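Per-chain residue numbering starts at 1, and chain names A, B, C and D are given in the order in which the chains are listed.
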């Protein structure tokens, strides 16, 4: 037993090793991706976007059957309709984004130098609504998730390209997200990393824990347990609840920064959203 | 955007494969909502697929068919451009129908 | 049957002041297999567990693995104190299980 | 940890579907259907309602086919997972190598009602259908095919597990 615990501990130590005095996202990224590539040599980098399906053939076979006609198809279709629908002022979502919002999801979350805050795609969609006189939508599910599903589908296969600029506020946001990721919380005392780094690829009862590498690439997600499409923020709230911690607000700085760190760690991996999971 | 039906019909080698995804809650009547109240059963009972007006499959579904049901089957014949009709009726008497062409 | 055998084993041990009763062992099993309580099988494989996880060590010949009951209690109570890297929840410290429940889980695990 | 060879990117079919949905052009995709009169609504009266409220295989088959006599046959192939990823969406398909198949049914023996779905299969339609069903708990799933008036079947135990965190 002692031996097993020591082995776990050493496996776990690698991504934590760079306890940062000065945030160095590029070095973190190399360490983070390298850790997983070394630990699971059979899984190529790009395949991490398929999460648990690299670790269970049975689950992978079911997933292949499900994505043959994916259950998120309605969300993509509805999202497109919403995306193309004019606001009262005659403008559309396209007016708020570079390239009319098509093929740009891989650049989010984005650091906004004006406000000094991280802006995930969902927040950008809401900003667009407010700028055009419409009310904000829920950041977790429903119409906003559908719009995000459509926009993400237009980036399918594009490499994730999140930028942490040399701005102390951006670096601080990145660092805060990293600390959130590695901090234990809740009655169960798990960090995000407990499950998605330390126990990645292992079975939690019947479920395979997806590695943190690639995790954000398939969002928004259709989860069978949700019965519809939800955003990354919805998952953050769900995970916090599962470890019996108080979830943050959907629009909180904590979740924005966490999404920033986690998505940056996936830089270079292809967008595979919307995705489907159990 | 209620009652959508997504259809893919593809002909090859003298037969046509039809795949469809139907938007429907398929509530079983066994699940409670957040307030602890049973969500009443609401599911498709009969679904019909036609090729040029002739029935090629009739499905009888119950509450154990998954939400947003998927079905895949194939029939002999059919060529690109032929119409495929799909229609359903559920236990509340709601109906929907759509038509699409074989690719 | 297994429970009865376990009582004999416990009675033969010089350290065991009191033998675990079948009721205690059954209570321990219930706690171990209930997701909102011990949820042990989420991470640990043990005989009889249905579709257990593999995050923690397999719990087999547990008495040989952790012969010291006090140590076993401490592991369940707060393993992080002993091993800062562990992901085993602190069932006692964080009040997921009561001391009585932890002891029942131990009684059950000593039959494995 | 038993990682398997990585599956890079997504299946082509997913991309086809996605592209079609995104473009909104592919045949029949995303047409809101209520106003569409292309096909008449099926007759609800044909629904074998009685077959869908039974609690045993025998009673279900009796109500559906008028007989509960069924023979397990290697000519019925069935595909279902050993362990369901999620009980709410379990892909199940069957493929019968038999003449004159006129109907089929999928049963989940430990569901509240045994019958999941049934099909009337006209001549010219292949007796092979894939769909997704809900399983309330671990259960035997049975595919029954009516061939020349006789019932033949294949079955498989499908395990439904609890989520990890409770």
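One rule holds in what follows: a contact is a pair of C-beta atoms (placed from the backbone, for glycine too) under 8 Å apart; a residue touches a chain by one contact, two chains touch by 3 or more.
Composition by chain, UniProt nomenclature: A = SoxAX cytochrome complex subunit A; B = Sulfur compound chelating protein SoxZ; C = Monoheme cytochrome SoxX (Sulfur oxidation); D = Thiosulfate-binding protein SoxY.
Small disclaimer: the values here were computed from a predicted structure and weren't measured.
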item: Centroid comparison with subunit A (C-alpha atoms), farthest chain; value: C
item: Euclidean distance of C-alpha centroids - subunit C vs subunit D, Å; value: 42
item: Distance between the centres, which are taken as Cα means, of subunit D and subunit B, whole angstrom; value: 12
item: Rounded Å distance between subunit A and subunit C, as computed from the means of their C-alpha atoms; value: 36
item: Subunit A and subunit D: spacing of chain centres that average the CA atoms, whole Å; value: 33
item: Subunit A, residues touching no fewer than two other chains; value: 68-69, 71, 73, 77, 81, 202, 204-206, 209, 227
item: Residue list for subunit C, restricted to those that touch at least two other chains; value: 42, 51, 53-54
item: Contacts with two or more other chains, residues of subunit B listed in rising order; value: 1, 4, 6, 8, 67, 70, 72
item: Which pairs of chains touch, using the document's own definition; value: A-B, A-C, A-D, B-D, C-D
item: In the complex with subunit C, residue positions of subunit D that touch it; value: 1, 83, 159, 161-166
item: Of subunit C, residues touching subunit D in the complex; value: 34-36, 39, 42, 50-51, 53-54
item: Complex contacts: residues of subunit A adjacent to subunit C; value: 1, 4-5, 8-9, 12-13, 187-190, 194-195, 198-199, 202-206, 209
item: Touching residues (chain side subunit C, partner subunit A) in the complex; value: 41-43, 51-57, 65-66, 80, 83, 85-87, 89-90, 94-96
item: Subunit D - residues contacting subunit B, complex; value: 17, 20-21, 26-34, 36-44, 46-49, 51-52, 88-90, 93, 108, 111-113, 115-122, 124-126, 128-136
